[in-house]
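Paired with subunit B in one complex and with subunit C in the other, subunit A is shared by the two complexes that follow.
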Partner chain A sequence: MDIEALRKQYLAELKAETAGAAPPATSEKVAQYAASDKRDDGKLCEMLASLSLDKENYAASVRTLLDILANGAIGAIARLAALRQLGSAEFHAVRFAPFHAEYIALLRRLAQDADKDVRAAVLERLTLTNDSEAQKLLREGLENVRKALVPAAKAVQLLARDDHGSGMPIFRELAAKAKGRVREQALRALASDPRSAALFERIAADKDEKTPIREIAALNLKNASAPRFAKLARKLALDDDDDDRLRAAAVSAITHTGEVAARLATSRFGNALKSVADSTRSRALKSSIRRFAKTHLG
Partner chain B sequence: MTMPKADRVIAEIRKLPRTDRGDRRLAAMLGQGAGHFDGLSTGDAERVRGHILAAFGEDRSSECALPAIREELRTSLSPIVLAGAARAARSLRAIDEEVRGLLLAASERIALRDEYVRFDGAPGQTAREEIAAALAARPRACCAGGAAKAADPVRFSLPPAAIERAAVEDQAGERTALAELLRRRTSLVAFFYTRCMNPAKCSLTITRLAGIAREYEERDLNLLGFSYDGAYDTPARLLAYGRDRGFPFGEHARLIRCRTGWSGVRAAFRLRVGYGQATVNDHARELFLVRPDFGAVGLDPEALADRAAIEAYLQAIAA
Partner chain C sequence: MNVEIKFPSYDAQQRTYVTWRPVEVKLRLLAPPPGVANVAVTVSAKSLSPGGKLRFAKTLTHLGTPTLNLNLPTSGAPVSVWVGGEFQAPSSKYGDVTMEVRTNPGNQLVGTQPTMVRVRKNAEALSTFERDRFLAALATLNGSGSGPYKNFRDMHVGGAPDAEAHGGPGFLPWHRAYLLDFERELQNINAEVTLPYWRFDKAARNLFSRSFIGLPNFFGQVQFNAGHPLLGWVAVSSVGIQRGNGVGPTTVPALNSEAQTLQPGGTLHPNYASFRDMQFNPHGSAHMSHGGGWITNPATAPRDPLFYMLHCNVDRLWAKWQWAAKVHNPTDPKAFTPAAGFPAGHRLNDALWPWCGPLAPPRPTTAPGGGLAASPITAVPGVSPKIRDMIDYLGTVSPNHQAFAYDDVPFQN
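The block that comes next holds the complex of A and B.
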């Protein structure tokens, strides 16, 4: 189809759709409906989604959204819809500025809301901007100082967003002792922690550990200590009894990490890898070795 | 249940007597390297700092904390620290033009991220409201005495034993003894770390140092960016950080990290840096000129933006 015809068709479709859509809800109507006894949360969600955030309506709309989010008598589904719309409103940073302090104070209060979905969504938003109070609540939940506000694996994931790693001591403990998803998230959260290099090394080398966990530990070690990773990766790559997926990941990591490749790109290691490529049936491992040879051995 | 450390420190602040001695002790508590900041998260370190500053607003004299007040107003992004600095500014004898300008700039800086802050349990004002209150406050003295005079640079000698014990590595992975590096020629040393999230601190410092390094390529001067966070700031990270800021790496211009002897270096330079559980939780901007004989001068970090000041310092240290 001609590109100009396609453009015209798209614009026509857009115009038809806009003409058919219900007019945006006004903040007064939404506020009235939210306050009525016959309120249906599903309908309220639809109204919230169509609430205008245009310049003329912006302040009134944000005021309404904040009131609905704060109102514990309204169903969580509608309050979460209000939170999503506030997320959109936040993009107008200058217009949102007069509401920012109130918004953050409200979110901090709602981090301990009775509804678990509201708590999770609010903590999700607060941790995006490194909110120290949200981080404190999450830390205290993981340390059993207070009742956990979200599941432990989620708490670790959110706390891991802290640029200054305030959760590191807890992550170290969970990565060593916890089980399942919590342990996996804790290991991921430690991604570049230099103090955990020995732990990464131990887990990555332990054949009794599950392969995905070993893989995370090995890649963490690459970030935490390239020399230690080089030693480990060499051993993994050349060990015919180890998991092929892990071996392929190790060879790829060597290929793409200059500091590690510089230590290992010798003809001796290249020849040893060639033998591995000749004997393995793993296509992923063969392919990783080919890439290594092409990149570093010419 | 034991009280969290940050809350304990805040309780101690409230007990300090409202005397000259109490005020000086309070000002000393602002040093980022002080023990009461050890192990705190960045958020808690900021909360403690905000409370220390705010305590100056409670019938105390803030004059002894003026350098810290200015520095926070100039660089901080934390609403609670800025609100504390604003309260402290209110009890200065006079809010001079410089402090007034810094208050306005601080308010502008957090205009899109203002928050409510609480210093005494009661629902408080926002940080910008605290700043506005400081700007509206009448100076207690009739005149500020014109532009603030820059503090005289602090001269001291780096203890040779601590410097001799330290081994450093640069962005290219080249390892050397710190003492050897410093003995080669006079060094302009700025401290930083790559995980610093405040663009007005480390990122700006290294960008400015890079500018000087480009201009002073022919001069016999070491330009060193020295990491506070040696365990994390590997050569690859130092290289990427410098490249992103136009740092002209070479024999005279390097970003370095300590491999051994960091605690001695930290003490030798009297660094104002505190550590949380994983990395730096707060730090000042710190700049030094170091002679080959380890004689050192602590400089105003703003000198990095002022070639005349750098030249004057270089002449002074040569003399």
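The block that comes next holds the complex of A and C.
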């Protein structure tokens, strides 16, 4: 292969694709269009997506994006597009620094915006940075101290991002008593909670529980207590009467968790799993067992 | 009579790996026939189908050929042959290509060396076998959320460390070192693994599936098939992966294409100073294309394993621009931004944090510490890379290479 000819061909292809392409939108034009009476939110979204964040345009573009996000008269779809572009701008912390305080203050205000999609997106952004104001709003919503800003399951998911675990007492309560997705998210939020190990064991072993819930409980136990998970996973994997998806998850978790595999990777367990693989019709379980054998039994 | 084939380096299993960049291999006659000064041999490669292919030359060049005739002295003195992968013919597993030495004439096989043309590939084009091998290594690296993967999460966090990773022209070199460190940790688990890239300007039906990197439900909770290795993924405090549902199997994210990234307005970026604005679009846009979840914030993005494939594509784009613009020499002012006006960690001769240590002011103190993972195949960039070390990753102008390459970016000297 002639590499230099390939390079020239590649350059020609680049040129053909980009020559005559429309230049990026400028902040001035976007701001003018956003303020126009004839504004179409779809077109505004397109302009926002092509807004330049180059060094020369960065400050003006961020200013425009903040203004559009703050403007409740503009449709939520365009405000959310502005929020996404601000997210791109945030990936340069140094350039974004002069706007950071204003941005966070705006997001905190918009956490209680009239539009539910804006509220959810803003809380999504704030909780990724452990924002205490957003965590407080979510916690109070779950405790019925204030009107919930997002559905309860979403609130649990977002509050679970708190690295300091401020929602743990609520999660424990919801994991034990709530229903449906709220309970699922509460269980996920307890992933590494050693105080909940007994709850995980009970749920994972309870065949009356739904499989996805048992799966989360089992995988949580892996993180909360490897020795207890090893015992549970062995039982699940070898129980022909249990759900194959759950059994596959157990074998997979054993395979990829060194401290658990170290307890179970014996020829006796391997032989028992081989019998399972020979008898099951589940492709997922078969392939999980194959991976275990290849990884740990040579 | 035999021929000893000695590659520059082998791992603990006595395996050796190549990329597009040729390496110098020494051939030496063992127990040569008496009465002659030289033995004529032909060097070639035998490939499985599908399998990698090799090219051979007498010097370091991209112009290698499928076979090469050599005379090996019966004195036992070694003769050099440069061996590299044939561009666009990568391996999928170790030993799917074998270097062979045969007498000429006679065609008697007198030496063999299996190898692997190991390069980073488009995640979308991985075979099921390659995909599962990668996922298994990822899951093992993360373990219960406290394995070596945690170190990579802790390096790429908000606050002061963010200025190291994203706060200036060091953005691309820093992430190149970070990805290399990460890939080497994966290779410590399975040496055949390379980091695949997410080509984010195209739809990725295979990647965004329940059998690969998962599909988020309406709730932003990523779903996997039964028994998937990442099913029990844990990052920090919750089980599972949180990712917005902005990108599905048929989504083409609204961001700059490869052509727009390298050659906006029909003109190739003339220098690194202008190229590096790709930090926002497509890089930042790719992060934000998911609409929500961990990957949309620098502090949390590494919690989602997709993050590494996203950044692998960012690095591939840089590598592609370097090849297209022929800018691999760190001393070329077009290859990197001139030093003035940037903080530590963003100048050509700066050592990169956190690998440089000590973790003390004025650099951030929050990383786990330790040097960049070693490779059994190459000594570079070393435990404490500098920005300048990360530019010529292929060894185009420098004598060493970093033992990684991209499936669509050739070596050319």
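Please note the rule applied: the second predicted complex is superposed on the first by the 228 of 298 C-alpha atoms of A that agree within 3 Å, B and C clash if a C-alpha of one lies under 4 Å from a C-alpha of the other, contacts with A are read in each partner's own complex, and residues count from 1 in each chain.
We adopt the following convention: contacts are C-beta pairs under 8 Å (C-beta built on N, C-alpha and C of every residue); 3 or more make two chains touch, one makes a residue touch a chain.
The model shown is predicted, which means the values in this text are computed figures rather than measured ones.
Colleague: Could you say whether A:T255 touches subunit B, subunit C, both of them, or neither, answering first, second, both or neither?
Modeller: The answer is second: A:T255 touches subunit C but not subunit B.
Colleague: With the two structures laid over each other on chain A, which partner does A:A226 touch: subunit B (first), subunit C (second), both, or neither?
Modeller: The answer is both, since A:A226 touches subunit B and subunit C.
Colleague: Just subunit B (first), just subunit C (second), both, or neither: which does A:A5 touch?
Modeller: neither
Colleague: May I ask you to decide whether A:A93 touches subunit B, subunit C, both, or neither, giving the answer as first, second, both or neither?
Modeller: both
Colleague: Examine A:R195 and indicate which partner it touches, taking first as subunit B and second as subunit C; both and neither are also allowed.
Modeller: first
Colleague: On the A-aligned overlay, A:I216 touches which partner chain: subunit B = first, subunit C = second, or both, or neither?
Modeller: Second partner only, subunit C.
Colleague: Pick one for A:A73: touches subunit B only (first), subunit C only (second), both, or neither.
Modeller: In the superposition, A:A73 touches no partner, neither subunit B nor subunit C.
Colleague: Counting residues of subunit A in contact, which comes out ahead: subunit B or subunit C?
Modeller: C
Colleague: Just to be sure I read the superposition right, which of the two partners does A:A114 touch: subunit B = first, subunit C = second, or both, or neither?
Modeller: neither
Colleague: Quick check on the superposed pair: does A:D163 touch subunit B, subunit C, both, or neither? Answer first, second, both or neither.
Modeller: It touches subunit B and subunit C both.
Colleague: Intersection of subunit A residues contacting subunit B with those contacting subunit C?
Modeller: On subunit A, the residues that contact subunit B in one structure and subunit C in the other are 93-94, 129, 162-163, 165, 192, 226, 258-259.
Colleague: What residues of subunit A sit close enough to touch subunit B in their complex?
Modeller: 93-94, 96-97, 100-102, 104-105, 129-133, 135-136, 139, 145, 162-166, 168-169, 192-195, 226, 258-259
Colleague: Of all residues in subunit A, which touch subunit C in the complex?
Modeller: Its residues touching subunit C are 1, 3-4, 6-7, 10-11, 13-15, 17-21, 23, 49, 53-55, 84-85, 87-94, 121, 124-125, 128-129, 153-154, 157, 160-163, 165, 181, 185, 188-189, 191-192, 215-216, 219-220, 222-223, 226, 244-245, 248-249, 251-253, 255-259, 282, 284-285, 287-288, 291, 295.
Colleague: Which residues, counting only subunit B, touch subunit A once they are in their complex?
Modeller: Those in contact with subunit A are residues 1, 41-44, 46-47, 111-116, 126, 173, 195, 197, 231-232, 234-236, 276-281.
Colleague: Touching subunit A in the complex: which residues of subunit C?
Modeller: Subunit C residues touching subunit A: 62-63, 86-88, 132, 136, 139-140, 142-145, 147, 158, 162-163, 166-168, 219-221, 225-229, 231-232, 234, 236-240, 242, 244, 254-255, 257-260, 262-266, 268, 277, 279-281, 283-285, 287-288, 291-294, 296-300, 323-324, 410-412.
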